[in-house]
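Some structures to go through are shown next.
Both complexes shown next keep subunit A, but they swap its partner, so subunit B is in the first and subunit C is in the second.
Showing the complex of A and B:
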């Protein structure tokens, strides 16, 4: 049962039992105010209405799953970072609610550290969220007010938009667009505009330099990124994530074992991993917010919930970037049978994210001219070589499969 | 209907757009608002801010920016070409590879001159 058919069943049920009676009652109550385009109750009875409602449910389920994963990613980042720095990281447990209750009741909290701070610390995210929403939003007097408000909206909404675009498996997919990966890359490349906008609008020198660095970074990684993806599109002949994963699973000339794209296109895989790391602005490439050089880079003047959402959006982009890498090169949701495909997909995504977290605390940041050199003089030729290798492989493949005609072992 | 698969993407684009807008709006009821001239001044590590940041910025890498505009278009053509590659005639493949070769020659020439242009 796919996500969409489940949502369709749910949409039919809710429409019949709840929505149609409610809208009929409302339309009976206010006859002069009925919708001139037609009654909503009638529209919900048709197939189109049910399908739209089902899609609404599907994107909301995918959004909820994505947000749950986001909390886990932030938690993993904190815990692994703490372990690398030889400390424990957040340890807040559910027992600490008792302190909160005592505090609210007016009595002095009994600080029982050994009991209250011995959990896994996932509540720290909740505490941070509450803290951020209760903080003041400061707009600098010299800032461009309109663009200062629009920049975060562009950046955050384009990042949140990424959450439903990739499927977790061929059945758990909120959107099954044939040009899925192109839509993902389009949504990815909106964000530097938001960075540049908010960096310029802050009227702060650090923000300005951060925004300009974001533009330089975009210039250096965007072309090798798309060229390294081109090899995968060529093998699959499609932009559809489902088709790409099926193609990787079908290419089994090596004793029937599926050869995922990262083996024949190893150069492309390396180039793609470097470029997607630059795209999601994680540490060796976090030039726009270089907290050692520029204060907080382009987010210097932002405070409260806006700043918290910037951090959240960066982790969403990290998660989506790892998901794209998994779909393109690591076989997506394919894996041995007893474990469901969604778990396989998330396992691969989390392995990539853990690898990135290790990189974050291991390597220094690179300079602006270095990233331009790297992008144009090293990654671009390498991605073109990868594309030529793929073209060569595709051209000789018919002969190759005739020569190597191996028996089906598995 | 053509493009049926893109309807959920459209629906979620609206949800994603309204997510930060609604959160910023709802947060208005939870957060304090104490204006203060010192708080609203530009942050410059505690110093009194000097001048504006809306200046003519020295754009050091404009050479790469020009190349980027050209190559972004080349990549758009290339991405469309690779999707239908398996069904193409041999002439279409060769022509596209020649086009790529020509642009790469231009890129090579630009990088040879880059040492002069780079400031």
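Showing the complex of A and C:
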């Protein structure tokens, strides 16, 4: 049972049992206000109404799953960073609600630090979110108010859009577009607009430099990124994530062990990982928000929930980037049977994210000239070489092997 | 020397990753350096200077601590000693004879810089600095600690021999001395006695009398200069120890030598 058919069943149930009776009752109460062209209750009975409702459910479920993963990713990042720096990291956990309950009940809080505050720290993200919502939204006096407000909206909406685009498995997918990965990359490439907009509208030299750097970086790294992805598309013959994962699962060289794409296309894998790291602006490619040079880059002038949106969007993009890398090169949700495919997928994604976190605390930031040199002079030729190898494997070698009866290798 | 261009893949990513991974496993499976502060506290070093405490049984109220305090945050405050405290006080028996009350130090910790001079100069070892450092308060007034709040009782206070850390001692200029014996009453260590001096003074009535002058026992003098402060006739002054003679009486040209 796929996610969408589950949602459709749920939508039918809610429409029949809850929504249609409610709207009919309302029509009975206020007959003059009913729509003459047809009531909502009638529309919910049709196939179109049910499908719309099912879409609503599917998108919301995907959004909830993505947001849960976002909280886990941020928590993981903070905890591992703390371990690398010999700290303890966030420790506010669900047990601290005990204290709140005692306080609300009227009794004096029994300050049990060891039991109540030495937790795993998942609640810290919630606390930070509440703090960010409660803060004042400051707009600089000389800023372009409209663009200043639009920047975060473009950035967060294009990032949240990513959450519903990639499937967790062949059954758990909110959208199953045939050009799925192309849509994901299109959504990825909306972000530079938001970045440039907010960098320009802040009317601040640091924001301006950060926005320009971000735009230059994102645009120059998208070319090798897409070229390294082209090899995978050639091998699978499709943009559909489900087809790509099935192709990886089916291809085997020896002893029936599936060979995922990162072995035949090792160059492409390396290029893709570097490019996606630059695309989601993580260390060592976090030039747009280099704290040492530009105060906070293009997010300098933002405060409160807008700043939190930028922070959230960056982690969502990181999660989505890791998911794309998993689908393209690490076999997606393919894995041995007893563990469900969704868990396999998330395990691979989290492994990539943990690797990124270790990279973040290991290596220094690179310079602007170095980042462009790396992008244009090294990654672009490497991705082209990878593409040539794939073309040889997929097109040329099979063609000649038919003529001169070469052994079947690929 | 390696230039920037010679850095290989090992230097750029593998070696840094090794360091971070090592630290990660060390602090994940070992104990993090951060202590959970309200629950566990790190022991301060032996020479740590925290909040002051005064062993009242040893304190003789000489006021040296207030004199050496660089921030002038330590003041001697008169306190009412109970009978028990009066009995236990070292050199305390004479305090009842005093006309003024006994004095003990009170500290404004908002000004204190914890230099430890009061502890260093205390002649009896009554002023100590503890390990206690949680002095934060919600008001400024809360940081002013009255004398009694710093009282500490020890089972048996070590009564060390008195030492003159000030390296000064009072010298009598016998001429203007009127023999009032105020210095004897106020000396915290009882090192002064009134003795018949070499000085003959002419009274108003015309008689010439040999008046009593103070005689200092420099072996127990602590150089607190209380006698100098209370002297009504300005006949006492402090001099560094090397310049003062062993007798309490002034000599001709003693100050000129200095």
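One rule holds in what follows: the second predicted complex is superposed on the first by the 370 of 410 C-alpha atoms of A that agree within 3 Å, B and C clash if a C-alpha of one lies under 4 Å from a C-alpha of the other, contacts with A are read in each partner's own complex, and residues count from 1 in each chain.
Just so it is clear, contacts are C-beta pairs under 8 Å (C-beta built on N, C-alpha and C of every residue); 3 or more make two chains touch, one makes a residue touch a chain.
For clarity, every value in this text was computed on a predicted model and none was experimentally measured.
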item: Combined model on subunit A: subunit C and subunit B, fit or clash; value: fit
item: Subunit B versus subunit C as contact partner of A:87, first or second or both or neither; value: second
item: Touching partner for A:47 - first (subunit B), second (subunit C), both, neither; value: neither
item: Which of subunit B and subunit C A:358 touches, first, second, both or neither; value: second
item: Centroid geometry (CA): angle subunit B/subunit A/subunit C, rounded to a multiple of 10 degrees; value: 100
item: First, second, both or neither for A:239, with subunit B first and subunit C second; value: first
item: Residues of subunit A touched, compared between subunit B and subunit C (which is higher); value: B
item: Contacts of A:139 with subunit B and subunit C, given as first, second, both or neither; value: first
item: Subunit C versus subunit B - closest C-alpha approach in the superposed model, Å; value: 19
item: Subunit B and subunit C contact sites that coincide on subunit A, given as residue numbers; value: none
item: Subunit C-facing residues of subunit A, complex; value: 80, 82-84, 86-88, 111, 113-114, 118, 358-359, 361-363
item: Residues on subunit A engaged by subunit B in the complex (per definition of touch); value: 52, 55-56, 58-60, 62-63, 133-142, 152-153, 156-158, 160-161, 163-165, 174-178, 182-183, 200, 202-208, 212, 215-216, 219-220, 222-223, 226-227, 229-231, 233-234, 237-239, 295, 300-301, 304-306, 309, 368-369, 372, 376-377, 380, 384, 387, 391, 394
item: Contact set on subunit C toward subunit A in their complex; value: 12-13, 16-17, 19-21, 23-24, 27-28, 32-34, 36, 38-39
item: Contact set on subunit B toward subunit A in their complex; value: 5-9, 11-13, 15-17, 19-21, 23-24, 27, 30-34, 37, 39-45, 49, 52-54, 57, 59-61, 64-65, 67-68, 71-72, 75, 78-79, 82-87, 93, 100, 104, 107, 111
